[in-house]
Structures are given as structure tokens and as C-alpha cells.
Amino acid sequence: MKLITAIIKPFKLDEVRESLSALGVQGMTVTEVKGYGRQKGHTEIYRGAEYAVSFLPKLKIEVAVKSEMADAVIEAITSKAKTGQIGDGKIFVTPLEQVVRIRTGETDGDAL
Amino acid sequence: MKLITAIIKPFKLDEVRESLSALGVQGMTVTEVKGYGRQKGHTEIYRGAEYAVSFLPKLKIEVAVKSEMADAVIEAITSKAKTGQIGDGKIFVTPLEQVVRIRTGETDGDAL
Amino acid sequence: MKLITAIIKPFKLDEVRESLSALGVQGMTVTEVKGYGRQKGHTEIYRGAEYAVSFLPKLKIEVAVKSEMADAVIEAITSKAKTGQIGDGKIFVTPLEQVVRIRTGETDGDAL
Amino acid sequence: MSFSKLKRTGLGIAAGLGALGATIAPALADTAPKIDTGDTAWMLTSSALVLLMTIPGLALFYGGMVRKKNVLATLAQSFGATCIITILWMVIGYSVAFTNNPDSHLNQFIGSFNYFLLGPMKLNAVSALAPTIPESVYMFFQMTFAIITPALIAGAIADRMKFSAFMWFMSLWLLLVYCPIAHWVWGGGWLGAMGALDYAGGSVVHLNAGTAALVACLVLGKRVGYGTENMAPHNLVLSVIGASLLWVGWFGFNAGSAVTSNVNAGMAAAATQIATAAASLAWMFAEWIVAKKPSVLGMISGAVAGLVAITPASGFVNPVGALIIGLAAGVVCYLSAVWMKKLLGYDDSLDAWGVHGVGGALGALLTGVFASNAINSLGKGWLIDGNPGQMLIQFYDVAAVFGYCAIATFIILKVIDMVVGLRVSREVEVEGLDINLHGETVHG
Amino acid sequence: MSFSKLKRTGLGIAAGLGALGATIAPALADTAPKIDTGDTAWMLTSSALVLLMTIPGLALFYGGMVRKKNVLATLAQSFGATCIITILWMVIGYSVAFTNNPDSHLNQFIGSFNYFLLGPMKLNAVSALAPTIPESVYMFFQMTFAIITPALIAGAIADRMKFSAFMWFMSLWLLLVYCPIAHWVWGGGWLGAMGALDYAGGSVVHLNAGTAALVACLVLGKRVGYGTENMAPHNLVLSVIGASLLWVGWFGFNAGSAVTSNVNAGMAAAATQIATAAASLAWMFAEWIVAKKPSVLGMISGAVAGLVAITPASGFVNPVGALIIGLAAGVVCYLSAVWMKKLLGYDDSLDAWGVHGVGGALGALLTGVFASNAINSLGKGWLIDGNPGQMLIQFYDVAAVFGYCAIATFIILKVIDMVVGLRVSREVEVEGLDINLHGETVHG
Amino acid sequence: MSFSKLKRTGLGIAAGLGALGATIAPALADTAPKIDTGDTAWMLTSSALVLLMTIPGLALFYGGMVRKKNVLATLAQSFGATCIITILWMVIGYSVAFTNNPDSHLNQFIGSFNYFLLGPMKLNAVSALAPTIPESVYMFFQMTFAIITPALIAGAIADRMKFSAFMWFMSLWLLLVYCPIAHWVWGGGWLGAMGALDYAGGSVVHLNAGTAALVACLVLGKRVGYGTENMAPHNLVLSVIGASLLWVGWFGFNAGSAVTSNVNAGMAAAATQIATAAASLAWMFAEWIVAKKPSVLGMISGAVAGLVAITPASGFVNPVGALIIGLAAGVVCYLSAVWMKKLLGYDDSLDAWGVHGVGGALGALLTGVFASNAINSLGKGWLIDGNPGQMLIQFYDVAAVFGYCAIATFIILKVIDMVVGLRVSREVEVEGLDINLHGETVHG
């Protein structure tokens, strides 16, 4: 199984979620994060001084999926989260050795 | 070593933490996340319109442990975090190649 | 590639970020987390009762890098985030199978 | 001078000087004024209370309803409006609205320019509209009305208007819409002379601001994501504070409109309290029945609806009249904000039209129904005093204010749009006004 | 008429009319009333200030102390109570509490029903209890007392009561507990006649609400997780705002209870300020010594304790008396909220009993100790005027209010529990009242 | 008695009793006082308004500007100062500041000790400084000034002072700096006698507090991370609420300083409103031009700067004078807070010196320029009345207050530093004051 982690622009969440549901992905976990990258941030003004706010609000989406679904999921996220402007974000794929559903104790495939 | 990531219901945190300490786990990292899954969310009312709030507050617990401890930890979390109702959450196990304790530079087992 | 995850003390963020930029790391993702470990927390007072606040505010930094850069990055984080006092945090290294830049669809090395 | 005001100040003088066992004559004959310290104390307090309604009252009521990324920009609108209007009122606004135009024909429509920079307002000056208090206090009291009226409009254009355009809009609208209309009804103009009853501003303030709000949200268009994104209030705690301060401050608004500290002020205060509570409960129960839950937003919106609807009636109706007006306001404004808005599909973001426009018109008409001679010797209503004619006058009043305001507001907005542009860019709107317009954000 | 009130209004008239160099006769003989504009200005202001105490004052004081998931529901309690009580007061509450029952025997216990819907409250009506202001103002002033008293009870049942049950509770408790007791002490009933001294509501308001709070938290039981979970206030910034507005508004409460704008009001204001500051410092230092840190929650709780304890005494004691009462209130209420509550183990969630009940009783008794003839010609206390008898009367007062309130509140709650149910389900309580009862949450 | 006050109360009496058609004689001859209910109503209201300025006004204004980890500690400073100063004022402060020293030479510098514990303040007592209201009200009104003045200093030492040291500082500074200076100017001392014009406290309150703030931030040193870390305000919503309440409350401050409810109060209110709005706009546009964006922090800081600068002038200038003073204050304080502070490099964290010190001095001097005989018969300024001599007196006034305050504050701080220590440890400062000093935090 794979754990797919995507960093996206916040206002893209709903679109991404819908496209994943369409693929049959039944769950995901979202975290508010701050991103630093090529996209440059704002300057905040305070008593005339300007402070560069280099970290921008992003959302991190984590989805655990069967290995065979990984490519489809990556494809879906990429297409939906893309605006074409700097800062669209990244997708990271890491190996997932085991999954357990707490409620039932089911594991791996059944737990997703 | 393994990195064990559990998504649980917020009010279960204390129970889980205690059971892990009992196992000799000396640390963990907790993140507030929003979860989407089978458990359906609330409807928020605003000017008569109802908005489905499909993301529910959850807590993500990350624990790095020696491989041999993984099963005990998974077992402990499962038993403590379970309510038997939809939304109890998931446990993900990923391989952990290296650990460093920043304070001392100790690595791997010693760093936990 | 590796995904390097560091738990650090919040006020160390800027130093760490600068040192990573110096290494040529062009991006990172930061999450506010609560940490439990050897460092003991505060006691909060409420109507005379004292409540131990065992979770302390920390920052989680996630950096995806080419494998060959991992050690340099770990070294940089360790040196910058260290205060020498309990609670400095940990660094976790996990394997990263694939990276995609959403904006361009570039993958792996090019996506970082 | 205004018919309705005449009566009010008439009574005011009677009570005010009555308390001093003096005669009314000297005050009218413009000799050294007979300032009543009690009336002055109440009017100073009322002025502070009405200012409190705008900052922080209205600022918080609106600020809590927008999304977090726009809260500071929303506060900046109320605060900025307060400042720019204060200056314009001192420069020429008061003069245009509340002084008599030498040309008695023109005076039907607009006051004089003699009070430019308040020149004639000397230490002992007294206005014939408020003979028992210093004119400085009356000018200040009316200023606070001139501040909140345009500021109310902001509710309709929340989350998407340029700050520069907003400041231009406030300025032009004050001078070209509010000042003339205030003169028509209160300052000696034709609507007051015709006998329109508007105790504290049902048409002058609320219908007027509400109409401008409707036009403004139509001209600006909907917010990006309207109808699809969840735009629920980001922090109703702020809105509850705001609504509460609006409620408390409104006693300066309504009871203060007696311009004296007497029985009329007392009755207006009682009517205000009763109608507000009734409207809040009416909206709450309506929503409880329809949507199954009584929302806090509904409770506070209902309270504001009641405050709006009782405003024109407050000095003319008895407690039972106030109760009925409140109940009607709660239900009608609920329907306008929840049902009519959805039906017609405009994005009156925080329901400035739905509550102030609709509630103000409703109140103006119901004043004609419930005005009672026994409460105010010159307000003869339909139901109690059998004077259906008053209804007609109230209709004229509503129609005139709506018509003039709608047209003038449309023109003003179009001109501003051409010159500076009304709306922020899509990026700015999506990312938030706070950081983009003011370079600030709320940190946690 | 109430013994204590008689004195107060007696003085009030003297000062009020004195300022007009007139005689007192005409006002008492119910001819055309002599309204004093200064007294009316102060009483209108006082009414607004006391309303400010409940919304947003009390709402924020309580709202900041609960957990974040319940903050809107807590605000809704104060706001909803304000609305429902306003209407019930106008319908019949004022009549029952502050008008004279034709049957002079019954009048010891309950007022008349003649003022149903405030029918007899005409424009120029004046109450014998407040002869220098319009009755409309007096009715409104007393309404604001009737609003905050039941609303205070919410502190004991925070986080776990159904909103529907709460609204029923407020309504029944107002009519069956507050109105009669207000009549006993202030409206012409037996406790006032007996000579009980309660200037602004130590027993009528605070002991009364506190007693009901104690009964209510016992009937409802503890919050889920009480004693194990950390239930520390989620946002003390809100509570500090609330406490500050309670403090500021309280001058309307205490100084307003002079029902005139004279020397009595001035002394009451001074006493209030001194006792409040003293109690806040006393609580702060007590906690600093015991718990090693002066908590902000302690400082504001101490201030409220001082406000409560000085309430019955404010018009009867001199500054030094106020200072001592304040110091005592800070220490005693600290012990009751921190130590006694833990000892007895009830979950008086926000210490409505611990502060208002205990502080109100303490204040009522200390009024008997420190009341000074030189401050109020009809308050003869033990210490200064050597009148130990007053202590006994104060004891009766406290016992009567506690006893009647406890029994009546218990019955009311049991009835509501049977009919609609008092408490939310465990799931709702764990997940939070905001989203479940009102369909809303605070977003960031 | 103070020259400036003499005039003010002189006028006050004229107007106050004038309204009663009585003569001034009896009031001055200390017979049974002629309390005016209107004046008393306004002064009770003014006292409540000025208290509102500190809690929650100033508390929120400052609390929103600090970092989140210090917000409760910042609120605790305003609240704690309110409590300790109230008690000290009652014990001896009022006596030292506002009573006459039997030794007429000493009286130039300090009042008597006769009012220890307010002993002589009987029910009917009246101060010669305020002959138409009870002394209890005048004592309370002046108490609210004594509270906010030291509390203002907290802005300069935010985020790094021990709470114990802060409470000591407030106490000693009140007694050793504020009370004497208040006596010099208002209580019968030499500056007032010399003819210094300070209507409501430009030098006594703002320059005084601002000077102490400058000294305090120099003695304490900079915050850890100053200049490198982003220390932008954590929640400007709180600061906007605070600034708004300061603005509203300031009418009690300035108009209340008429000590009567008459034409002077009215003019002072109008001047205050105009200057405040002008200053806010001036700061806003200055920043808009220089920094390209109008920050909300700038708008509210400008408003406070205007309030500060008009304070000494409010009862002496006409509306146009107020307008000019406001515009000047906005620009000058913008430069002092943004440019001068950076230039000189001290860490006046929330610009207590930059706004109150600089604005207070500016206002005191401009009072000499714009004071108009036509507004206040005893304020003869340079520009309108051709009296350049007044400028000199104003310079003395500013220099004397700055000099004495700077030296005395320095000594007080050094002594406290030796005895209890002024500053928290580096760890505590980095981690936050809330949890470390008060054992509390804001939870989300």
C-alpha cells in the first residue's frame, strides 16, 4: 500500500476531495500547514516596518491507498489541484507497510 | 524502526497516551487534523442554508518505535482508541530508516 | 529520495530555514504540533486546581530531498535546532518513493 | 421645520422647561438660551451611545460574520467611515441637513451652506430643533446618525470592495444621499412638512442605507464562490458582542431622538426594548421551526431587525404596538434574509438590505398603523386614532426615500467604478482583504 | 412600600426636587408629575448600563470560561434570557413585582395583575417608588434587573443544559421566584416592611440567583469528565471583557438604585468602586499566597465578588465600610469557589453559587453591620449606629430568600425535567453544544 | 484653586445654576450644597465612561498588540492597576491631589492629608472644584483619571516586566508622580496658578504617562528578539475594540472635565470627535503614502493620537482649531512612532511615549496657539486672541511635567529593580508571560 501526501492550495480542497471520492477513495486526512518554497510570500506591515511572511498557508492531504490505485490518485490530485501558478504544491509517495481500522481491527486492504 | 501514525477521536488522547507510557514509549507527537471518511459530518446552518461539514476534527498521533515494539503499540492504540462507532480512525505503519535526537546527536534506538 | 521530518522548538524555525536554504533546499512544509516526551510541561492553574499540561508546542518540519543530500540536511537541522536542553526534538528519516510537482507534473528530482 | 420633529421638540420643550417651571417663550425667541442640564446630560450620553453602535458595535457585528481573512478589512470599513464622515459632517454635512435654506423653496429639498466649518456654531448657539441643549451637542448627536447610516451599507458589499473605493463611496453618499434626505424629513424639508412620521430614522436611516445596500450588491456582483463555498460567519462571538452593543447603543438612537430627557424618551426606550426582544424571539422560533435549530446568528439578526423596525415608531407607539411591530419584524426579516434573498439570488452578503431595508420600510408603514395620539400628541395613526391618511403619507415617505436613494446610489457607484474601480481582483478576494489591502492578518 | 426603598426614594425626592427649589408635596399627591430631567437622564443611562451587564457583559464573562465547543451556546443563554424575560416582564412581571395588590394582605406576598401588558402605564404615568422619573423608565430599569438575575444562574449549569429547557427555566423562575421576592423586598411586601436593607439586590438578585444555581447544578449533576478533564477557561480574554463591562455597568445597578441623580447615587458609586477593587485584590493575594500565582481568572472573579457583596450595602455604608466589605468578599468567595466547592464536590461550573450566592448572603449580613445613619437616614447598622436588631432582620431576609428560592427552583426544575428534559445527551455534551444545539461553530 | 479649573468650574457654576435660575452665591458660600441633578447625571456617566477606557478599553488596545503568549498578562496589568490605584486613591491619593494644604506655601506643590480614607467626605460634601455635584462623584471622577494615567505606561514595557514589579510601580508612581502633578495643575498648585491651560490632561495625564513610558522602556531594555523577530500584533480585532472604547469613553474624559452638563461640555465633545477623526485620517494617509497600505493599526493609533492631543485643548478651542490639532497629531505621532523610534532605537513596545508623550506635549503647546476666548472666557491663545505669552506658560508646563516625571520615574524604577527586580527571566520572556506569571493561556 502507499501513503500519498499532497501539499495543495487551500481553496482547492473541495475539488480534490470530490475527484478522489469519484475514484472510490473513502477517506483522507487533512492538516493545515505552512509552506515555504519558490512562491514568495507577503510582506506584513507593522509600524512602518515590513516583515516578509515567507510561509504561506497550505493544506496537507494524506491518503492511504492500495498500491495499484496510487497512480490514479496522483493523477486526480495533480489535475484538480493545478492552477499553473507557482505554489501549487507537491505530492509525496511513501511506502505503507500496514493499516489497521481501529473500530474493527481489520487490517490492510480491508481497513481502507 | 517503525513510524506509527494513528488517527483517533480527540477525546481518546489521554487514554492512549497513558497506555503507551505504560508500554515504555517515552514520546509522541500529536497534530490536530480534519478527517474525511465513512463517518458523516454535521450540517452547519447559516441563513437557513445547510452546509455539510464533511471534515471532522481528529487527532493524529505519531510514534517512532523499535520494530519489535510495533505490534504492542498498535495493539495498545487499537484497544484504547476504540469506541466501536464509525469514525474511530486508522493506524498507519511506515518504515523508519533513521532517527536522531537533536539534543545529543544520538541516533536510532538510543534516540527514542 | 528521503523525507526528513524534524520536530523542533518553535523559536528555532527561522535559523533552521536559513541553514537549509543555504544548502540549496528550496522548500519545506511546517506544521504546528504538540509534543510529549522527556521534557515535562507546565501546570495550568484553574480555580486553585493545577492541571499538568504535558503536551508542549513544537514545530514539525518536513523536507523532501535527494538521498545524497540527506546527511547534510540532518546535520544542518541538528546543529541549528540544538539548545542542549531537554525537548530539542527529533529527526525522522523515511524513504520517499516518488515526488510530483503539481504545477508542472515534473517528478522526483526535478520536482524538488 | 419638520412636522414630526416639531412635535417632538415641542413636547421636548414643554417637558424640559416644565421641569424648570419656566415658560417656553424665551427659548424660542433666540435670547440667551435656557440650557437644561438634564436634557444635555442625556443627549451627550445618547451621542456617545450612538457612536458606540458603529465603533465597535457595527464593526464587530459585521466583522464576526465575514470569513477570517477579511475581518480586519471589515473593521476598517466601519472605523474609516466614522472618521471621514465626522470631518465631512463638520465641514458641510450638518449645514446641508439641519440648517434652513434662505430660499424657502429650495429649503424643501436642501439646507443652507451657512454652517460651513460650523462657523456660526458659537459657544452658546442653540438649534431651533433642540431648544434645550447646546447646538454643539445637537450637531454631535446628529453626526453619530450620519456616521452609522452609510456604514450600514458595508454589510452588502463585504469581502470584495476596494478600501479606496469604499471611502469615496461613504463620502459621496453622505453628501448626496443622506444629507438631503435627512433634510427632507427632519431638517425642514417637504417630507416632514407633509407629515411623515419617522421618530428616529426608519426611512432616513435604515430604509435609506438598506436601499443603497441592495443597489451596491447588485452593482458589485456576487462574492467569488458564493453559493458553493461555505461562507458561514467565522466568529459569531464577535457578532454577538456587536449586536449587544447595537442594542444597548440604540437607546441613545431612539430615546435620544426625543432630544430631551422626559416622558417621551422613556416611552421610546420601553418600546425599543420590547420590540427588539419580540423580534429576536420571532426570528428564533421561525428558524427553530423551519430549520430545526435556533441559530445564534438568527437570534442576533432578529434583535437587529426589531431595533430597525421600531426606530421610526419608537416615540409614537405604546408598548403593545411595539410588541406587535417587533413580532412582525422578526418574521418578515427572517423571510427576506433567508427566503427572498435565495429566491432573487443577489449576494447581500450580511443582509444589510434584508434587515435594514426591509425592516426600515416595514417599520415606517407600521408606524402609520400603530401611532397613538396618547403617546405623541402629533402622531395620529390608523388603528388607534382612526387616521388612515397617515398610511398614505408613510407610503410616500418610503417610496420617495427608496426611489431617490436607489437612483443616486447607482450613479455614485458607477462613477466611482469608472474612476477608481469598485472591486478587488479575484486573487486578492480569494486570498483575503486583510493581508492585501491593509498588510495585516489576525494571528491565531 | 418597601422600608428601604421608602427611605431611598424619600431622599431621592428631597434631593431631586430640592435641586429645583420646589416642595415635595405635589409629586406625592398624584397630580401631573414633576419629572426631573436630571434624574431621568441618569435612570435612562442606568438602565442601559444594567442591560450592558447582561449583553454582552455576562455573556462574555461566562462564554470565555467554558470550553470552546460551548461558547456560542453560552452566549445564546444570556441573549435568549434577555429576550424572553423582556417580554414576560412587559406582559405581567412588572405588575406582579412592583404594583400594589388591592388585597392589602396578599400585597405582603405578591403585587397586582393590573399592569397586564403595561396597560395603565400611560405617557405621564409615575410610580410612587420613583416619583421624579417617568414610570416607563422605572419599569425599564427594573426590567434590566429582572433580566440579569435569572441569567446569572446559567453559570452553574454551563455545558450541559438543553436550550429549550433553559428557556422554560428562565421563564418560570422569573415569574414564580424573582417577581414575588422582588415584591417582598422592594415592591411593598413583608420583608421590606420588616425593615430588610437591600439597596440594589444582595438577597433579591444575587443570593436568589446563587441559590437557584446551587440547586440547579445539584439537580443536573456534574459535567462529563468533571474532575478528570482539564476544563480551564478556553479564552479568558472574553471573560476579562465581560468582567470589565459588568464592573462598569454595575454603576447603573447600584448608583441607579438611588432612583435619582443625587448624593445617594454618588455615595453608592464610590462604595461600589472601592469594594470591587478591594475584593479583586483580596482574591488575587489569597490565590498568590496559596497557589503561588495570581491568575487572571482570580482577579476578575474577585472583582465580581466585590460587586456582588457591596450591592445590598452600596447606599448604606461609607467608604471605609465598603473597603472592609470588599476585602471580606474577596477572601470568602475565594474560599467558597476554590475550597468549599472541592470539599462538597458539586459542579457549580462557573461558580454562580460560589460568587453570587455566597457573596450576596455575605453582603446582606455585612450591610446590617456597617449600615450608617449618616449615609442613609434610614439604615441603622450594628457597628456604627449600635443597632444589633438590624442583623436579625438581615438574617431573616437571607433565610427567607434562600428557603423559598431553593424549594421553588427545585420544583420548577423537576417539572421541566419531566416535560422536556433538562440535560443534553452524553454524545452532544462530549461533542459540544454549539454545533448540536445551534448548528454553528466558531471557526478559528 | 487652579487657574484653568477656576475658569472651567466658574463657567460650570454659571451654566449649572443658571439653568436653575438661581444665583451663584449660596454654592460658593459653603452652605447646604445646591446639587444639580443634570450635572450629577453627566458626571456619574462620565466617570463610568472613563473607567470603561481602562477596562476593557486600554486593556484590549494593548492586549491585541502583544504576541499571543502575553495577552492575558497584558490584560492583567490594566486590571490590576485599576484595583490597586482605586484603593490608594481612596486611602490618600485624592487627598494629596485635590485638597488644599493648610500650609499655603506647601500647597503650591502638594495637597493635604486630611482626606485620609476620605474621612471628611460626608454624604453632602461638595468640593469647591465642582460645586454643583456631590464630592463623592468628583472624587470618583478624578479617581478614573488617576487609574488610566499610570495604566498607559504599560504600553512601553509590554512583554517583559514582572507582575509584582508592575504593581509596585503603579502604586509608587501614582503617589509620587501623578498626585503631585495633578495638584500642581488642577488641585491648586503652582502650574495652575501660573495659568497653564490643561483642560483634561494633556500634560497631567498623557505627557506624564508618556514620559514615564520612555524612561521605563529605556530602563528595562528591549524585548528579546526585538528588531529580528516579527512582533506584529497578534489580534488587531481586540485592539480595534479597545481603540473604539477609548474613543467613546473619552467623551467622559474631555466633556466630563467641564464638571457640568452645559455648553462647555458640548463644545469639548464636538472638538474631541473632530480632532480624533482628523488624526486617524492623517495617520492613515501618511502611512498609505509612505508604506503603500493603510494599516488598521495605523488608523486606530491615529485616532488615539488625536484623542491625546485634543485632551488639553478640548474646552478651549473651536471646531476649526480642533480640526487642525487633529491633523497635526496624526502626522507628528506617526513620525514619532514609526520614524523617530527606529532612529533612536528604544523599544517603546506599543508606543506609549510615541503617542501619549509626543501627542500630549504637542496638544499642550497647540492649546496655547488655538485657545479661544470665545470658547472659554479664560483661555486666551496666541493665534486668535493674540496672546503669545500663553505659549510660554505652556512650555513651562510641558518642561516641568517632563522633567519631574522623568527623574522621579527613573528613581522609582531603580529602587524597585533593586528590591524585587523589574524584568522576567529570558526563559519566561521567550516562553510567554501568561503561563509563567499567571498560570493560564488562551486556548484557541
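Read from first to last, the chains carry the letters A, B, C, D, E and F; within each, the first residue is number 1.
Here is the rule we use: a residue touches a chain if its C-beta (ideal position, glycine included) is under 8 Å from a C-beta of that chain, and two chains touch if they have at least 3 such contacts.
The shown structure was predicted, so the numbers you read here are calculated from the model rather than taken from an experiment.
A.B. asks: Which chains are in contact with both chain B and chain E?
C.D. replies: C, D
A.B. asks: To get from chain B to chain F along touching chains, fewest steps?
C.D. replies: 2
A.B. asks: Across the interfaces A-D and B-C, which one involves more C-beta pairs in contact?
C.D. replies: B-C
A.B. asks: Matching over half of the contact pairs by residue number, can you pick out the copy of the C-E interface from B-E, A-F or A-D?
C.D. replies: Of the listed pairs B-E, A-F or A-D, the one copying the C-E interface is A-F.
A.B. asks: Can you compute the centre-to-centre distance for chain B and chain D, using the mean CA position of each chain? Integer Å is fine.
C.D. replies: From the centre of chain B to the centre of chain D is 53 Å.
A.B. asks: Where the CA atoms of chain C average out and where those of chain F average out, how many Å apart are those spots?
C.D. replies: Spacing between the chain centres: roughly 48 Å.
A.B. asks: Give, as an integer number of Å, the spacing between the C-alpha centres of chain B and chain A.
C.D. replies: Using C-alpha averages as centres, the distance is 18 Å.
A.B. asks: Of all residues in chain A, which are in touch with two or more distinct other chains?
C.D. replies: Within chain A, residues 31, 44-46, 50, 53, 94-95 contact more than one other chain.
A.B. asks: Can you list the residues of chain E that touch 2 or more other chains?
C.D. replies: 20, 36-39, 41-42, 45, 232-233, 241, 291, 293, 295, 297, 438-440, 444
A.B. asks: What chain pairs are in touch here?
C.D. replies: A-B, A-C, A-D, A-F, B-C, B-D, B-E, C-E, C-F, D-E, D-F, E-F
A.B. asks: Mind listing the chain A positions that touch chain D in their complex?
C.D. replies: 11, 14, 42-46, 50, 53
A.B. asks: State the interface residues of chain F toward chain E in the complex, per the touch definition above.
C.D. replies: 20, 22, 34-42, 44-45, 47-48, 51-52, 55-56, 59-60, 63, 71-72, 75-76, 79-80, 82-87, 90, 117-118, 121-124, 133-137, 139-140, 143, 163, 238, 241, 437-440, 442-444
A.B. asks: Which part of chain D faces chain E closely enough to touch in the complex?
C.D. replies: Interface residues on chain D, with respect to chain E: 15-16, 18-21, 36-39, 41-42, 45, 49, 67-68, 232-237, 240-241, 243-245, 247-248, 251-252, 255, 260-267, 269-270, 273-274, 276-278, 280-281, 284, 291, 293-297, 299-300, 303, 318-320, 323, 374-375, 444.
A.B. asks: Which of the residues in chain D come into contact with chain B in the complex?
C.D. replies: Touching chain B from chain D are residues 230-233, 287, 290-291, 293, 295, 297, 337-339, 341-342, 351.
A.B. asks: Quick one: in the complex, what on chain C touches chain A?
C.D. replies: Contact set of chain C toward chain A: 3, 17, 26-31, 64, 94-103, 105, 111.
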